[in-house]
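Structure, as structure tokens:
For clarity, chains are labelled A, B, C, D and E in written order, and residue numbers in each chain start from 1.
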Amino acid sequence: MALLSVRSLSVAIGPVAPLDAVSFAVEKGEVHGLVGESGSGKSLTAMSVMGLLPRLGGRITAGQILFDGQDLTRLPERQYRALRGHRIALISQNPMTSLDPIRPVGPQIAQVARLHLGQTEAAARAKALDLMGQLRIPEAETVYRAYPHQLSGGMKQRIVIAMALMADPDLIVADEPTTALDVTIQAQIVQILADLVASRGLALMLITHDMGVVAQICDRVTVLYAGRVAESAPVSEIFARPQHPYTRALIDCIPQENQAPGSLHGIPGTVPGVKDYPGGCRFHPRCAARLPVCATDTPALSPVGTGFTACWNPEGAAHV
Amino acid sequence: MLGYFLKRFALLLPVFLAMSMVIFAIVHLVPGDPIDHMLQIGSSVERRAELMAQLGFDKPLPVQYVLWLGRMLTGDFGTALILKQPVLDLILQNLPYSLALGGLSLAVAMTLGVATGALAAIFRDSWLDRAVMTLILLGSTVPAFWLGLLLILGFAVQLEWFPVSGARTWEALVLPVATISLGGIALVARVTRAAMGDIARQDFVMMLHAKGVPAWQIYLKHILRHALLPIVTLLALKIGWILGGAVTIEFVFARPGLGTLLINALSQRDYPLVQGCLLMLGCAVLLGTLLGDLVQVLMDPRMRDRIS
Amino acid sequence: QDAVFAVTAREVGAPSYNPITGTRLNSANSLIFDRLLLQDADQSFHGLLAQSWDSTPDGMIWTFKLKPGVKFHDGEPFNAKVIDWWIPKFAGTENAYMVEAIDKVEIVDDLTFRFLMKKPDPNLLFNLASSFMGVPSPKAYDALGDKFGVTAATGTGPFKMEKFTVGQETVLVRNEDYKWGSDLSQNRGPAKLKKITVREIADDSTAFLELKTGGVDFLYTVPTDFLPRLKQEAALKVMVIPGTEVVYMPINTSVEPFTDIKLRAAAAYAINQKDIWTALYGGIGKPANGFLISGLEEAKIDPKFAIAYDPARSKKLLDEAGWVPGPDGIRAKGGQKLQVKLWTTNGTEFKRISEAVQAQLKAVGILADITLFDASTINAQYKKKTEHQLAIRSYSWTNADIIDWFFSGKRLGYPNVSMLNDPKAEELNDTAMNKSRTWNERVKNFIAYHEYVLSQYAFAPIYEPANVFTYSAKKLKLPEVVRGTRVTSQTILDAEPVK
Amino acid sequence: MSELPVLRVENLTREFTASGGLFRPKRRMRAVDAVSFDLPRGSVTGVVGESGCGKSTLARLVLRLLDATDGRVIFQGEDLGSLPPAALRRARRRMQMVFQDPYSAIDPRFTITRAVLEPFQVQGLPLLPAEQADKAASLLRMVGLDPALAEKYPHQLSGGQKQRVGIARALALEPSFLVLDEPTASLDVSIQAQIIALLEDLRDRLGLTYLFISHDLGLVRYTCDRIIVMYLGSIVEILPTAQARPRHPYTVALMDSSFAPDPGQRKRVARLSGEIPSAWQRPPGCAFAARCPSASDHCRTTRPTLSADHHPTACHHPSA
Amino acid sequence: MAVPLALHRSLATPRGFIPAAVLVLLVIAALFAPWIAPAPYDTQSLPNAYLPPSAANWLGTDEFGRDLFSRLVYGARISLGVAVSSVAACVSLGVLLGALAGYFGGWFDRIVMAGVDITWSFPEILIALVLIAILGPGLGSTAIAITIGYMAQFARLTRAQIIALKAETYIEATVNLGASHGHILFRHLIPNALTPVLVAGMLAIGDAIVLEATLGFFGLGAQPPLPSWGAMLHGGVAQIYLAPWVVIFPGVTIAVTVIAINLFGDALIDALDIRNRLKER
């Protein structure tokens, strides 16, 4: 039984339906990558899992989110709140803006333990300092009292990670935790996350659009395109034998070491906006391996090899 | 920190000088002069010249300015020409009325404004929000003097709950404070609602939700604290309003105060008194900007770091 | 036992209670300071601090006897020595002209003194009865200097000043030692009210609402348009006494088109005094037909000089002068519209009369543009620019010499707003002002001067207000007949609280 | 190199100051510090470095959109710094820039036609009304856009399309030199690859010279002939070819920090210790010393200079 | 962008349509006053002063027996006219000052902004009262007072917009094309800064009406017999107790107008989606 199992999740925000029947499962101790281009619905998936969709003005129209066997879509807000930050923690995209700018960072970390573990201020502080030490934050005492603007981006992201770890969660949802950081810092953070999963045995749902990062630390990958799952498979499969033409094209967009000049082409066309999703397979207008059926019928997510793919022409991927 | 304020203070000096020049000039641009007011039926041309000389009005303007500024700086605001009392005494006599009216209105506007604005922000798009928005609309559009008149008609004349005019008892404060506060509440509520709305959309608030902090705590402990920053800064900047902006209301309720003092002085061409009042209000405004800075620095660690 | 009085409009903002140097004094002044004499409505004089007086036939020596036992609020005695100190104090003040005919004071005995005159002054008693002739305590006056009348005001009046906040209120408490009231009052001893707070309320309507709602018990002046309403209020009592004011429209004789006497006359006859009197003033007071208040003997002019509404004559005069009505009713001559400037002071009352006058002028074909000035600016503007054509103003004075003040060629611009300056007028002026030896001669000379000014249409008379005051019958009881020219201490001494 | 370089940059320096005020001296920082290099005709030179290292400032200095504090920029034999304003404006026909953020690179009130024709208007080369539509269409076609977009407004275009419009605008006046300041950083990978392909194609067709700025070492190594590596305002290394082995420890760290899209090539990140120092408080010695694994005391006191060999490196201890 | 479109969109909802209709009615009243008003605004009938509302005089008569409804209709002309023209002047001046200050920065900016900040922190009514003391009462002085009193906010707003826009890439891109200051300022910056400024200007018309009314209430605005709404209140206030309609109707008219302007402005702000850009106000 997976720790988190998202089943046919559909989400609506006002008149638009940015997520359509998204399914994937995150096992305990696994790093599950959620990739896709901008607007593909990665963050919305994360927010759905966090139960924060209503804050964005959205709602779940269908599907289930099973966490530890419990259907979160039916959980009353009070209980959901007790879960958030406690058993499911969030690391957000932009460390620059996810800390309260007018409070010292230390108490912001400690707040989690006081809320969920009922710890005293002193105990929470000690725990926070300990965690900060584990995340190799130098001079933790000083940093504890510092305000967010006094810290570098990498440091802030570590603070956010400390905040997420504070109540020893089972699942961490990390929404592009490194995008806003410099490459060298980004690499450090990726390393920290990888080490955490390894040492604590928790599950990490890692949202990213960087195939390099995916290759570096993910165990399984779910590829989203235009609000639907294109493919979900173990990482080695995804890179070695992508089943969906989109997955293949996505990987080919990244210049490889020693790639010959003029051999990079990208994917023709543009990523559609929510309002312009085409019928049938949403990728078909840009797909080099499309069949006539692709334009008319929506392919179902079905098992192919060790993963799942929603494609009418899975073998086509190999020949693109 | 102290250094910063000394510096800010020093930066105010040129502004103060410019302002004092404008004030001095304004008064001398006003046509008509106070001598006419001081002369009685039956007095002679010589008497007029004598008075001019006695008051120093025969000297060139720049000389008058320098002499005037010199006296101001030593705390000598001169004697009112018409009221024949030291300007400072007159200002001090009226200041308590302005402070009472302004201070109380400010307190009411601040508490009720923040409360209603916060409620509207928390229950955005509910009937409560719409009610507050209507209040804001009325408060910021209905002319204050007209509202004052209606309140007099209703509560003083018909119901006889409060006095019609004057400042003899505390009851006399109720209607003017209510009149001014409505506008103030509207302003504060609008700023609060907008600021809280903006802040609620920021990432760190989403992060607070994600941490499992209860919504009421997020609103009251986190968002409101942020929203107070622009509100308090705004109010500090508008300190001129608190002291001088109540002219209309003072007029409607026939209340003494700095505004009334200034208006009367203006219409009587009482130079020293006009200058004294304007300078007084100007200093209050400048101090307000300083206060605004102080509040920012006290409340916002980012500002605190920027200055040190 | 306590009462709240209120003064309004022009009485608001009087800076001090110093009768010697003050140019504006409010009604409370008479409660603090007594004068030697009081004048009754019939123009007769009654002793207050003076017991009796007498003059030599040539008018060069006046002898006064003072009442015994009079004391100032500070306990100092009031006697002839005080007068000897008092009269010279006027030198160099705005009020000096009132005693300028007095050469010196001679002390006869403790309670008797003489004025030795430089020249006869038929106006002396009138002047002594004026409110600027309240006698202050020499000791307090010399001790306080400039601050006298501001921080403290010490007189012999029925009330002592306890506190004065300029522009706001004056608190008066009863002078328990008072026993020298005049024969204009029933009560000669201490007042019946223990404490009076005199509030200053600039706005008439506010003052009225205060009276109506009990915030004020006694109102010194009442805007006349409230009268119809006031009469319906059973709890309020209204008293009317003859006034001392005249509202008129000076016509600038030196500026086109009013250099033409026909146009001046036309403008003057266009004013409907009766309509203004009834509609704007509720029929209180009188329509004015001359320059002086009707109580003065000098007001009794030959009726043919009196100016009264006569639209037909006005239009005829305009026709004669060649101004013909255009399609919009406004007259024009040689392509020039008959458009004139009408100046007035920025106050509700003047504005209202001006608007009414504007409409009445329009009715005969004169287009008048109103410009409002602050009270303090307007006089300077008259003087500086002298380009005004018509104005609405008023004066309050009870002596014919006011004609000299407003029409003498020596004061063109202001106060001579009409810019009247011709040899005949100057001659009549000189005769009236300087060549009159007795009161009767003076009256005759002034009538001639008055008639001449009217014949030149240098102004149009409009209205002669009455003094109206109101009080709350639930709180106060006042004598049915008020004596004196206005409500001063003599009336207030008789005022009783209602239990 | 026989041919005259298109661009020669000598000792280019730019200081920024923060107002000090009455009681404090002004603070200064060098965003670009004594940078020198040549750009041969037809070359593509990459500039990499982390955020804030002065890449954009360098680009603006090169185009004289900013005035240099010190140093010279010689463009086709002309010293840009000494050109009078009118001549400089004329010189701009020959050098253009493509900006990082396509979303704000076109005035929202301008139609696409108006935007791509603005260069002619500004340069006083008005087109006849009859020519306008043709000119606009040919420019759009050149960057692979459908001329039907001509009358649309920028907000009706996708990011990739906008970036193409930006390129069309830059090429309208037929410049010989183009500065590309992270032209793909805000685009989706699939679009990024398209734009890169377009830029390659244009260079080949029009014989352009590029200065290509990016923080993505992988991308730079694919597109560029030569790579300038910047750290805290100065050049630390110039890789003569894209495949050259880095000598400066910072370049090494940069390479280590980028992950290949291949789960088989996972690596343990050699963690750089410390933070990127602030340019406002530049350390006295080598700017990288504080984070450098092989720093010596010498590094901390003495600033290394760029070596004058064919592989210039500013390091006391370059790797072989 | 697409202002006409936004206008269209804001008119499509009752929230935008109703206030817009009210404003259109007022403008019609102002333009066609002589045809709409049953009586001239200045014809007096002293015996008919203070008549309560009746069939003959819908809203009653004032102290001179003039028809209140007619005066209100003519008053629209004056009150709206003064407000609109002074706000127009004030927007133009403010935009120019703010744009130059924001674009060129430096000393000019500092001096302008110091002046602007000072006028901004004084209550407009005080500025207006002092100015009118200098200029003398009247409509012209009122317009000047309104212009100066409100200029600060437009200068600030424009400056903030310009400074924000200056950082936009397309400005740099245009500079890079070799454009002159004039081209950048007048083709790019000002047109782009203008939308929020114009909307703020439209809202300021409401404030200007109130300020005009307040000055009129002090007797300093329109001079008799011109009927601005504020001046009507000035005449009527003495009679608030006797003839409350003389005070109530002009007051209600002012309030309704200003509310309509605010509601419509609000609808426009939403349709244009510029609430954020208006914050500096």
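By definition in this document, a contact is a pair of C-beta atoms (placed from the backbone, for glycine too) under 8 Å apart; a residue touches a chain by one contact, two chains touch by 3 or more.
Here is each chain with its UniProt name: A = ABC transporter ATP-binding protein; B = Glutathione ABC transporter permease GsiC; D = Peptide ABC transporter ATP-binding protein; E = Peptide ABC transporter permease.
Because the structure is predicted, anything quoted here is derived from the model rather than measured.
Engineer: Count how many hops through touching chains it takes, at the least, to reach chain C starting from chain B.
Structural biologist: Minimum step count, chain B to chain C: 1.
Engineer: Can you name the chains that touch chain B as well as chain D?
Structural biologist: A, E
Engineer: Once every inter-chain C-beta contact is counted, which two chains account for the most?
Structural biologist: A-D
Engineer: State, to the nearest whole Å, the distance from the C-alpha centre of chain A to the C-alpha centre of chain D.
Structural biologist: 31
Engineer: Using mean CA coordinates as chain centres, what's the chain C-chain E distance in Å?
Structural biologist: 44
Engineer: Measure off the straight-line distance from the CA centroid of chain D to the CA centroid of chain E, and report it in whole Å.
Structural biologist: Distance between chain centres, rounded to whole Å: 49 Å.
Engineer: Just the number, please: Cα centre separation of chain A and chain C in whole Å.
Structural biologist: Roughly 91 Å, centre to centre.
Engineer: Counting only residues that touch at least two other chains, what does the list for chain E look like?
Structural biologist: Within chain E, the residues that touch at least two other chains are 133, 136, 237, 240-241.
Engineer: Residue numbers of chain A touching chain D in their complex, please.
Structural biologist: My answer: residues 37-38, 152, 154-155, 182-184, 186-188, 190-191, 209-218, 235-236, 239, 249-259, 261-262, 264-268, 270-271, 286.
Engineer: Considering the complex alone, what residue numbers of chain A touch chain B?
Structural biologist: Going through chain A, the ones touching chain B are 50, 52, 55, 81-86, 89-90, 92-94, 97-102, 104, 111-112, 115-116, 147, 149-150, 160, 163.
Engineer: Sort out for me which residues of chain B touch chain E in the complex.
Structural biologist: Touch residues, chain B against chain E: 15, 18-19, 26, 29-31, 137-138, 140-146, 149-150, 152-153, 157, 194, 237-241, 244-245, 247-248, 251, 259, 262-263, 266-267, 278, 281-282, 285, 288-289.
Engineer: Going by the contact rule set out above, which residues of chain D touch chain A in the complex?
Structural biologist: Per the stated touch rule, the residues are 50-51, 158, 160-161, 188-197, 200, 215-219, 221-223, 243, 253-254, 256-269, 271-272, 275-276.
Engineer: Please name which positions on chain C make contact with chain E in the complex.
Structural biologist: Contacts found on chain C: 203-205, 208-209, 212, 223, 225-226, 229, 275-276, 278-280, 346, 348, 351-352, 354-356, 358-359, 362, 369-374, 377.
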